[in-house]
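One chain, subunit A, appears in both complexes that follow, with subunit B as partner in the first and subunit C in the second.
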Partner chain A sequence: MSTFTIPVGPLHVALEEPMYFKVEVEGETVRNVEITAGHVHRGVEYLTTKRTIFQNITLTERICSLCSNSHPEAYCMAIEQIAGIAVSERAESLRVMASEIKRIASHLFNVAILAHLVGFDTLFMQVMETREIVQDLKETLFGNRMDIGANCIGGVRFDLDSKGLSYLAAQLLRLEPQLDEIVRHYRTNTSILRRTRGVGVLDRAAAVDCAVVGPVARASGIAYDVRTKAPYSAYDKLDVPVHTLEDGDVWSRALVRLAEAKTAIDVLRQCAAHLPEGPTGPRERPDVPAGQAIAKCEAPRGELIYYVRTDGSRCPERVKWRVPSFMNWDALRVMLADAKVADISLIVSSIDPCISCTER
Partner chain B sequence: MPESLALLLSVAVFPGGVFALGLGLALKGVDRRLAARLQRRVGPPLMQPFFDLVKLTRKRTMIPDVACRAVFLGAPLAGVVAMLLAAALLPVPGLYEPSPALGDLLVLFYLLAVPAVVLMLAGSASGSPFGAIGFSREMMLMLAYEIPIVLVIVAVGLKTGIGRGEGMTLSLTEIVRYQRAHGAFLLDPAMWPALLAFLAFFPANLGIVPFDIAEAETEVLEGPLLEYSGPALGLFKMMSAAKAVVVLGLGICLFFPSGPDGLPGLAVHALKMLALMAVGVSVLRVSAGRMRIDQAFGFFLKWPLALAVAGVAAAVLA
Partner chain C sequence: MGFLGVLIRNLVAGPSTDPFPFGETFTPATLRGRVEYHPADCVACRACEQVCVGGAIRFDKTPEGLRFLLWHDSCTFCGLCAFYCPTEGITLTDDWHLAHPQSRKFAMVEEGTIPTIRCAACGAQALATAPAAALFDHPPTPAEVEEMRSYCPRCRRKVAAERKAS
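And now, the complex of A and B:
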């Protein structure tokens, strides 16, 4: 049988962002994949050197909407290292809370898309409805549904009073049973299982070779999580279990994400229960001397690394980041090998690719 | 009224033509609203399919450079005509019996295959690789579901024929008359395997989840329909609306044609279609995900085929 080429992307209903897969198929089976990127390059890295150190918090937040808290978080941590600023314990806990709230919303979004891709729109609607609880929470606590603007250099820009904490507790109480129900559906529903089990497999050895990070690595049995390997903010004081599964298929990646969303609820409760007293941020803008630093955090998609170099002027000399999707999308070659055409979009979405982060 | 004129009216106005299209689009509207409510959405107005059609007729049909123009435009037209003809071939229990001059169940069976063939033609004529994938998927699916549906028709034909003391009958009119006199097959446990096989067949024929494989939006971007726009796409919408009426009507004629005579009979017929649409289409498509083509192929060669064979055996023996 002869092969022919089908274009998946750059604009494709199943891809949330532009990416071009030139897929050679033989009947329904994929024989070769060429990945072309670069459609949403906006020159953000260059732009960071034209903005002041403080403006860059806002700029990095706008690289991507789903990891919009992780970028400024890592950026601020790098600047704090250079300037030698100690963040108060209260601010550290609040940072953890902001990023865990974002994590729940991000994971639920990806899991919902999976249901949509297998044509199970009812489950998609249900998960998105559950996610709306988290969106309400963000809007109430931070005043915004996606870009929450939580971080500043030396602390956070928001504070939680008793009213905020009780609203958080109430929303988590609403969220938990619904999340349990969603997990049950993904574990038992035949429509989901028959399309996702054994699809897009990335075994442990291949995962190590590709150096994948985040839920993709953990679904292939690699217990790597920045929150426990190199704890930052308040994570060293918190109990954060790392969820791993061995199969490395689309289903495992979804289940790991759901388990992490569950854990995030637990982490939020731990933070809320032991929220230290103290200031949330510095009164004045600190001076940032010349220097360089690396900071990393666990974004919803995995390890996010920031490198910042300053020269004592108002603007940073160089800002460079490595996003989790950059590591993960190379593994697509392994996952897509001999896949079915029907599963291409499912597999691509299972690494939760964040194109706008990667191409900036 | 001369017979030729009556035939023409039956194809163009009632029960084919305008009536079948109107009913099909109305059913589609109900389906969309019901599915939306089941998913906790508000859903479109009930008239939305009509609005869509009007909108499409006012747009331009874009024809790809690589497309085969005649087939690209001819295919949807052939599909609509075939479906309107098929609608005229179906009795409306208690109100309308098709003229034998139009054809019998065999003709109807072949007409039912036309939409799938038309989609294949359209897919390959459009010159799009997604159309080509849609083509092969549609063909595999059709091969899988055609055998069970033939056996279902044979089972019903045999049951009626044996009941009347003769061989197999292929006249839908006779099948409807027999059931209206002796009770619907729906209530006869011996016919249930065939009924179940039919219930598996019609979602595949209508191309809804879990069998919307050939037109899967998230996989092959609606496959054969990808390159269609404007009035040509509108023709496909008309085809699928009329097809819903034909397939649902066929199910009612084969298994449950009971009801009053005259116009009340038409109302009961439409209500039965609505019920079958609600349960068999709306509820089904919101409660499952899509199968992969190999899974669907395997499914049809297992359960519906076994059920249909059992149905034939039960029809002969019981």
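And now, the complex of A and C:
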């Protein structure tokens, strides 16, 4: 059988984001993949050094929409380290709540896309409808459906009163049974199982070699989660179970995400039940001296690391971030080996790639 | 069965989307929409201009006074201006009806001017900004605010120091 090369991307119906794959196939089996990135480079890293430390709270939020809370969260944590600002306990808990709400929405989006790529659009719509509960929650608590603007340097910009907390509790109560039902569909539906089980396998050894992070690592049996390995904000006071599965296929990654969405509901309830009293965030802009710091947090896609260096001026001297998708997309080479052509888009989507984060 | 139950349930429940534009759509009061500027509350500290990443906010001097300009087409509705505003001189409303034809793009502006006045005490030219809270040792009455507004910054400090001392 002869081999030939198919270009997939950078703009392609089966891809959600611009990425270029040069796929060599033999019949309908993938033999080799070349991944080329760089199609949506916008120069945001350079731009951060041309904006003030406070403008960058908003700029880092605009890097990516699905992890739009994790970027400013890590950025603010780095600046707080440099300036030696202590964040109040209430603000820490509220930060956790903001990032867990974002996590549910992000995971449900990816799981919905999986159903869409399988061709099961009714389930896709169903999951997106369930996700609307979280979208409404974000809109009500933060004022925006995606860029929630929760963080400021030294704390958070929002506060939850009894009205906000009861709305949160009510939405979670609506969400939970629907999420359980979605998990049941992904566990039992034959269309989903046939297309995703044993597809795009990344075994534990390969996962360690590729140094994958986030749900991709956890679906390959690596119990690595920044929230428990290096607790930040209020995570040291919370009970956050780490979900792992052993198979490392597309299905396992989806199920890990669903389990984490379920856990996020529990974490939100823990936070709401023990929300400490105190200030949320300073409305004065603190002075940030020269210095450097590294901060990391668990974004929906995995470990997000921020490095910030300041020189005492209004703008940071250097801001550098390493996003989880950067670690995960290299593993695509392993996952796509000997895959069927029809599964390429499913496998690519299963790492939940965020190209706008990675190429900024 | 499986998914069929969901379909039947959806059929009975009817559409889950909002009937917009023929009916109301979900708009929480906290939504970050069109920005409003309140010149009477502005202390002209220009914090909003400094934290605005899109460069949507600009202050410039006109013969009438200090003019505030916000162009909604550059605004990202992040709300950082309102967060760092010490006096709620800039707020975000829940009005999200911002779609407009290209021909109207330069009309998407929020504008306001802090007038230039002659100080009621010394006659120097000054801006009639809202007085800073630090000038009072108690929550000021509207009349006290208006009186303080009529002074230049130097006379304000003088008057405030005299009152605090007495």
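As a convention for this text, the second predicted complex is superposed on the first by the 359 of 360 C-alpha atoms of A that agree within 3 Å, B and C clash if a C-alpha of one lies under 4 Å from a C-alpha of the other, contacts with A are read in each partner's own complex, and residues count from 1 in each chain.
In the analysis below, contacts are C-beta pairs under 8 Å (C-beta built on N, C-alpha and C of every residue); 3 or more make two chains touch, one makes a residue touch a chain.
This is a predicted model, so every value here is computed, not measured.
Q: Should A:L59 be classified as contacting the first partner (subunit B), the second (subunit C), both, or neither?
A: Second partner only, subunit C.
Q: Quick check for you: in the superposed arrangement, does A:A342 touch first (subunit B), second (subunit C), both or neither?
A: first
Q: Can A:E28 be said to touch subunit B (first), subunit C (second), both, or neither?
A: Touch partner of A:E28: subunit B, not subunit C.
Q: One more residue to check, A:E129. First (subunit B), second (subunit C), both or neither?
A: So A:E129 meets both subunit B and subunit C here.
Q: With the two structures laid over each other on chain A, which partner does A:S162 touch: subunit B (first), subunit C (second), both, or neither?
A: So A:S162 meets neither subunit B nor subunit C here.
Q: Have a look at where A:A115 lands relative to subunit B and subunit C in the superposition and call it first, second, both or neither.
A: In the superposition, A:A115 touches subunit B alone.
Q: Touch check for A:G143: first (subunit B), second (subunit C), both, or neither?
A: second
Q: On subunit A, what residues does subunit B touch that subunit C touches as well?
A: Looking at subunit A, the two contact sets intersect at 122-123, 126, 129, 189.
Q: For the complex, which residues does subunit C have touching subunit A?
A: Its residues touching subunit A are 2-3, 6-7, 10, 16, 26, 28, 30-32, 47, 50-54, 76-80, 83-84, 86, 92.
Q: Can you check the complex and tell me which residues of subunit A touch subunit B?
A: For subunit A paired with subunit B, touching residues are 4-7, 12-14, 25, 27-28, 115-123, 125-126, 129, 189, 191-192, 194-195, 340-345.
Q: Which positions of subunit B touch subunit A when the two form their complex?
A: It comes out as residues 38-41, 129-130, 132-133, 136-137, 209-210, 212-213, 216-221, 286-295.
Q: Please output the residues of subunit A touching subunit C within their complex, sorted ascending.
A: Per the touch definition, subunit A meets subunit C at residues 51-52, 54-59, 61-62, 122-123, 126, 129, 132, 136, 139-144, 147, 149, 152, 157, 181, 185, 188-189, 283, 285.
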